[in-house]
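Two complexes are shown next, each including chain A; its partner changes from chain B in the first to chain C in the second.
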Partner chain A sequence: MKRDLMDIICCPLDKHDLDLDVESEEDDEVVAGTLTCTDCGETYPIEDGIPNLLPPDMREETPA
Partner chain B sequence: MTGTGEDLASRRGVETDVYDPAEDSRLLADVACDEVSADDLVLDVGTGSGYVAATVADGTDARVLGADLNPHACRRARDAGVEAVRADLVAPFCDGAFDVVTFNPPYLPADAAAARDDWMEVALTGGETGREVVEAFLDDVARVLAPDGSVLLLVSTLTGVEEVTAYAGERGFSAAALADHSFPFETLTVLKLVR
Partner chain C sequence: MGVLEDKGRARLFYRYLSTVYDRINPFIWNEEMRTEALEMLALDADDRVLDVGCGTGFGTEGLLQHTEHVYGLDQSEGQLEKAWAKFGKTDRVDFTFGDAERLPFADDSFDAVWSSGSIEYWPNPVAALREFRRVVKPGGKVLVVGPNYPRSTVFQKLADAIMLFYDEAEADRMFRDAGFEAIEHRTMGPSYKPDVAITTLARVPDDG
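And now, the complex of A and B:
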């Protein structure tokens, strides 16, 4: 994800801002890292350049 | 059996985990290319393969994000050059962020006999009425729209264009049909919703 996505995304639970913690970056894109809600403290992973902003109870890889 | 979920699911290719672009995707992408300006920020909800998002980005030079619940879809959209976000509809996006939101929703009424319990079912069916996902989307999408923002929503006669228009009206939207395309088993319409 691009860093300026931070201006567009928020915590899906309470809509507060997120903090970005970058683990790796390539070609101006964050490839791996963590997004943390500044209010509730919930964390959201960034993996393979894709932020996973599903609420924790929806994160399973299977649809059911 | 024309028009059942099972029939359409098989016609539309259920061998993959991600819905491939079809007539509905192309109709929505064509309309969106006409409606979107280069300086707009656009969100394609349920981006799937990323076809609509990539087509609109290429056709208009606008920045287009793609959101999907399905991790396979997110990866495929990213491979297609789309900025992908794994999301439940518009839940993780800031208030007033988008000039245009596009959505080709899962809209087929669920057929219990054809229930598949996999990602393709999630991509195709919208609950018993076919409108459950559309209604959840309409409940929250106004929040993420800029003041003059609009929604481009693909609706099928199988879902009920009048019912969707009425529901959108209850959420403060007025609807105009920008394009239709008829097929033997359904008519597809792109609705533009504005407040």
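And now, the complex of A and C:
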């Protein structure tokens, strides 16, 4: 994920801004991290460079 | 309510469909139709465009012929993997997982929204269209390509059971309810099936 995507993405639930927490980065792009809604606190993962901004009820269940 | 209007089922269906999608897709939605739809949208080279339900990236590929500022959103990883194979994950297009009815983008983020072959899977199309209006700047355009309501009764029954199909009157109603203006429709298709798809272009009012 390019950092300038932060300019336009928001929480899909309440449309508030997101805070970016970077876990790993490569060539100026975020590979892994977490996006947290500044209002409701819901978190959204960035995995393999793609932000997963699906609302929580639509996320794939992680196999146990 | 069609069986694919449940999002969980739609996701599962797409996981399997994505393996053959680009092979079957050209029969109902081909390059000529895409070109015609792109002409209707008339993008400028510096327009920022969101492709909702970009899937394997067939529409995305067309948008890239007009502007470099293309963003892709889809709910299915199986579909997006095909798109990544074509464009990379962030090289030419910025991809995001997301829901058409609850878009993860701020108000007025885009000059246009494009969506081809996705509306038939949205449980509440008007809710999604309202979201399109929210993320597009005032005066910006939205173009949606979906399946035209079939003429034969057998196919109508199948259509009603599986997914949403609509005609021009219904498309008009959905876009009006979502607050659009200057709504126009065109049916499209290959020569042997000239009205298999319906393309709607609409404008976001100047006051948003």
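Going forward, the second predicted complex is superposed on the first by the 60 of 64 C-alpha atoms of A that agree within 3 Å, B and C clash if a C-alpha of one lies under 4 Å from a C-alpha of the other, contacts with A are read in each partner's own complex, and residues count from 1 in each chain.
Rule of thumb we're sticking to: contacts are C-beta pairs under 8 Å (C-beta built on N, C-alpha and C of every residue); 3 or more make two chains touch, one makes a residue touch a chain.
Since we're looking at a predicted model, the values are computed, not measured.
Superposition of the two structures on chain A leads chain B and chain C into a clash.
Shared-chain residue A:26: touches no atom of chain B or chain C. Shared-chain residue A:48: touches chain B and chain C both. Of the two partner chains placed around the shared chain by superposition, chain B and chain C are both touched by A:58. Counting contacts by the rule stated earlier, residues 1-2, 5, 8-12, 15, 44, 48-55, 58 of chain A appear in both its interface with chain B and its interface with chain C.
Note for the complex: chain A touches chain B at residues 1-2, 5, 7-12, 15, 44, 48-55, 58, 61, 63-64. Taken together, the chain A residues at the contact with chain C in this complex read 1-2, 5, 8-13, 15, 17, 29, 44, 48-55, 58, 60. For chain C in complex with chain A, the touching residues are 7, 11, 71, 75, 77, 80, 89-90, 94-99, 102-107, 109-110.
Against chain A, in their complex, chain B makes its touches with residues 41, 65, 69-71, 74-75, 78, 83-88, 91-95, 97, 117-119, 121-122.
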